[in-house]
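One structure coming up, written as structure tokens, with questions to follow.
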């Protein structure tokens, strides 16, 4: 396993330029009564580790950024959130450090939907300021970033603490799941709106307190470790395929 | 027409709370050899004006923010871009000012894809810091923000200066279009990648110089004022429908 | 009319270096019960447009910056103000963008007295950081920036919403003036002080709420469109003459 | 002499609210070949000390802020300048500290023209954020801040290192003046412009290097200690009169 | 083991106030040719985990902050450093989040000497702004923060990659140590100075490039896993004892 | 006496590179009922002046920075404190200005313990960003920065307003000392803790209000001018010796 952290400086220098560098980022934030605060970070980290194992490309894994942008969960105990400007500054410092080391390709592997928009902003800035080629990958694309909503029983509301996340946690860390606290909490009323919504053309500035009384936005009641295994493996496959494509990716010369 | 700017302070005070406040935002950035720098701002502004005229809801239009986040076009002459932190600060000051005036609902009408991610970040922050209900609307959803790619002849690459924008400009301001300079410039090579792409699961930090030699990312050669009229009217209809939905929108009490 | 926004990037490139670039800036702020929030921006914009038309020099007009520094009116509904650091950041980003385009001379045409001091700070910084030659022009010099006070009937207190602004608005946009709400509101008590005052040697940090109960600082009751026309034309003439001088202006070589 | 610094905390607490607090601010910057870097700070400090001695009002003197905003002299050895945002932050922290101590009136006594615009911005912000009443006083009003130009032999160009400053230094600290290096250096070419200029309606972003080969902008050759004494005493009288007026100053209740 | 990350939000809420919260922080930075970039983070993390296991007090462990302040190693490949202002912002956001959760006592367990001064600054600010009681603990006190220098064979120069760190790594992660690259690199010339030095009264702003040709500041040649075990256990004991004292610690009421 | 401020720019240019530049920094903060707010600044300044007089090395003295980082005394009237980010910005601007003047060695002479950690951070950053060699010297090392605690009757608690500071003030400025208000105020309860403490391995984020009811942390009752003279002279000797060593100091070439 190629971990940035495990290299000595002089060995890292040898491989930095030719490797694809993977930065996992998650969150420490409320995930309803049944899931631990670490959920997003843990899934990002486990997917990253497994993807690095499976990928034939030369990837190096950076240590995870655990504290992300979780403004929408700040009202709930345990959430630790950086502000947007702080996280932009962290990512800018990171980009400068990586470019100095000779890195050419940086991939953010993001486990928390609330980080996605800011990571898109940062991806472009790092390209511009440091010449890095930057990419943004998700184990599972956040529901609010796709326009076609899957027709599962959560009706496109599996934003947070729903069946997918809960199942993966049951597969990866069952002891951290309070199986007795699974509770459906879906903002059904959102379906009254055809344009405003997670995958719709009109996005909106919501906090979890706007959408849920217990912090869940989804329906974890049918979660299972088996579904979690499938979901996890699908996430890994997707990331592995993405890494291979990224490894081959080049901008043409104009 | 209800323009924020045209109100006196004491009259504005009467209507601020019950109105939906619309903030158009665009860009001043290169749009290829054939389109003017103002393209995004002009379309946002024209759509906003027409939508305000057509909408039965109580909307008030703010003066447009012309300078947006155009890092991806900074290499080209004429582009005027704020940095992400500057634009976040502008939007934060705006939110504070609106909340002080008693505004409850703020809608960003965004004409430039490069602003979208940052506006999503700001939408949430303004909700959190000032209690505003915030919404983000586009005349046409940026291609890199939808996962289903239209199968028009631009093959999903109509990001910038392509047939849609050019047609709308031919309809709205034909004298600003250099009809003799229409040139197809599509990063066909991107189709070699199944994951990396504008509407794909892997986004990437590109600049226009990475994707095009003349600043266009699309194929404007078949643009026409008729198509522009249809496109513009579709944009207006979409925004009007969105505004009506937003007017009715409420978060439930938990 | 040469508008920056109307140029395509490659055409702008041709003219940027040899042109004088004009940046109008105003405010959206309370202007008493009778004038609209847009007053400063509208006057700046109209003077700029007319000046560009009349001036034989090669000037290019940038889109107006509508939101300025209006801390002194923040207490009143409708005022939208950037903080000093935000506005400095906007102007710095602007300067960087213009210098990148090859611009050599930048003229701020400022319609709001509250922006003036900050624009003086920024003018010097942009000279220093980007090598731009920068200039600051007003349609009418703010009363608090001249030491000789005109002996009109407002006694040197025509700071805000007084006869000059009201007259110009009656000339330019009579439908936005509430003619039935003209009310004299002059801080006569200030004449008790011989040093502290708008044009005096001792300036002070006032807000409109310190000086007025209705937001006006002046006496608009004798305003007329005729006086407005004269005032507007004088403003335009002054700006045209300034632009011609600026066009010819060069620093010597030492 | 009432010096803030000399009070113990509990004694300061007694007088803070009823006193007028005076903050001298100067610069450390090039002043031509004949004057020391401290010129502005020294004059501000000496005027402040003498004014405090002479004024019957209850004034307290803060320790001088030596490092100001000297961007226009950064090219010359010895200049130590804060950036505009740094100095704004210093003044904001100062305002917060003073308000916490119960201060109600703060007077900036400024010896450096390059600080003036920024101090005007800060004066208003401190009024707004901390409720302080703020005032800005100069020993001698900077030439570029008055519109009527004195018709002395420097023709209105006595900006920096000219007869007034040199004379005062000859009076206050003759040993710091290099009397053998007095050299006229006046940007006579500026008189070709009727609008652009120090006291004219068009201000411009100049550095000392734009206007002078030796850092002087003025004509010190006729400087004398006698003239310096008169100038100094006039400055003190002006400040004393200002302090008395400020002591009496109150905003009315509306 | 009580890990913040493993709690659900509602369970965390129960214990946050009565627990002592431990934030490990390290660095990713060059550690000579023989040690991995992760050295500081790994030691901090391992000590923290073991201390939590051994301590009878109610401690909760936060996820480690891997990226610290490593300006002094920025010249070397692999170092990832936040700037001082970025790290201050991260710690401020952290403090706000913890205080919101009801935390009363926060302990930084710091594995990197370069973080110490900044953590002291932050400790006080978090006390002031959020009312947190804050503490700073090191597995081993950085040599440059004690005035009595141990008389081991490194002569007080065991700053970085020396016998202590290398031994601990040989004990904790021998496979990450390049045993064939142990090389003494001690700035013996520093002993020529009696005041300037790591533990002396005069501190200085050094980078690793100022003190070493290979990034090591110390003598790892005699490192052994046995010494590492002793060192590690001593570090754990020290931290356990500190945590117990901190658990009991209270400020008196005055 | 070589004062930076007294040089003309061209004379400073001659000596900047070969001189050691000394920046005194203090605080304006509460020092108990008996000492003036200026205590730290005055001691730093007096020691600096005397050291410059006595030192044979080529040192130049900068004007003192009076406002430091005094967060721990913000609750008390009269304290004027910069925030950490403001002070870092001031020091960064200072470093840039000095480097531009050709300075190679900068020595902070710090009279306030609360500045020390931040000055250590800044010392390294200025080395890194501007290539300056930077040093940090104290007249007397702050008690919380040494691990060996003197066994005087204050038991290692002479942090603030105790016998040393009071004695020095009695020697330097007896008229500023309220001799009738000397009161012992020592946080004896701290001795219950063996690890947490000023010189102990566990530092903590305290404010003066946490440790004292009257702002004193120490026992000034036995202070005397004679002890103050000895203390002052010891401080000067220490600084002179430090300056001589710094003058000779060089980093080797690797």
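As written, the chains take the letters A, B, C, D, E and F, and residue 1 is the first residue of each chain.
FYI, a contact is a pair of C-beta atoms (placed from the backbone, for glycine too) under 8 Å apart; a residue touches a chain by one contact, two chains touch by 3 or more.
Everything numeric here is computed off the predicted structure, so don't read it as measured data.
Q: Determine the set of chains touching chain A that also touch chain C.
A: B
Q: Through what angle, to the nearest 5 degrees, does chain B rotate to match chain E on its C-alpha atoms?
A: The best-fit rotation has an angle of 120 degrees.
Q: Please work out the Cα centroid separation of chain A and chain F, and write it as a whole number of Å.
A: Comparing mean C-alpha positions, chain F is 47 Å from chain A.
Q: Would you kindly tell me how far, in whole Å, the mean C-alpha position of chain F lies from that of chain D?
A: 29
Q: With chain centres taken as the means of their Cα atoms, state the distance from chain A to chain D in Å.
A: Between these chains, centre-to-centre, one finds 55 Å.
Q: Among the residues of chain B, pick out those that touch two or more other chains and give their numbers.
A: 74, 85
Q: Think of each chain as a node with edges to the chains it touches; is that a line, ring, star, complete or other?
A: Looks like a ring, each chain touching just two neighbours.
Q: Going by the defined touches, start at chain D, step to chain F, and keep going round the ring. Which chains appear, in sequence?
A: D, F, E, A, B, C
Q: Quick one: which bits of chain E touch chain A in the complex? Just the residue numbers, please.
A: Going through chain E, the ones touching chain A are 3-10, 12-13, 16, 28, 30-38, 41-42, 62-67, 74, 76-83, 85-86, 89-90, 92-94, 97-98, 100-102, 176, 178, 181, 215.
Q: Quick check: in the complex, which residue numbers of chain D touch chain C?
A: These residues of chain D touch chain C: 69, 71-72, 74, 84-85, 88, 114, 116-118, 120-128, 132-138, 141, 145-148, 187, 189, 193-196, 201-207, 209-213, 238, 241-242, 245-246, 249, 251-252, 254.
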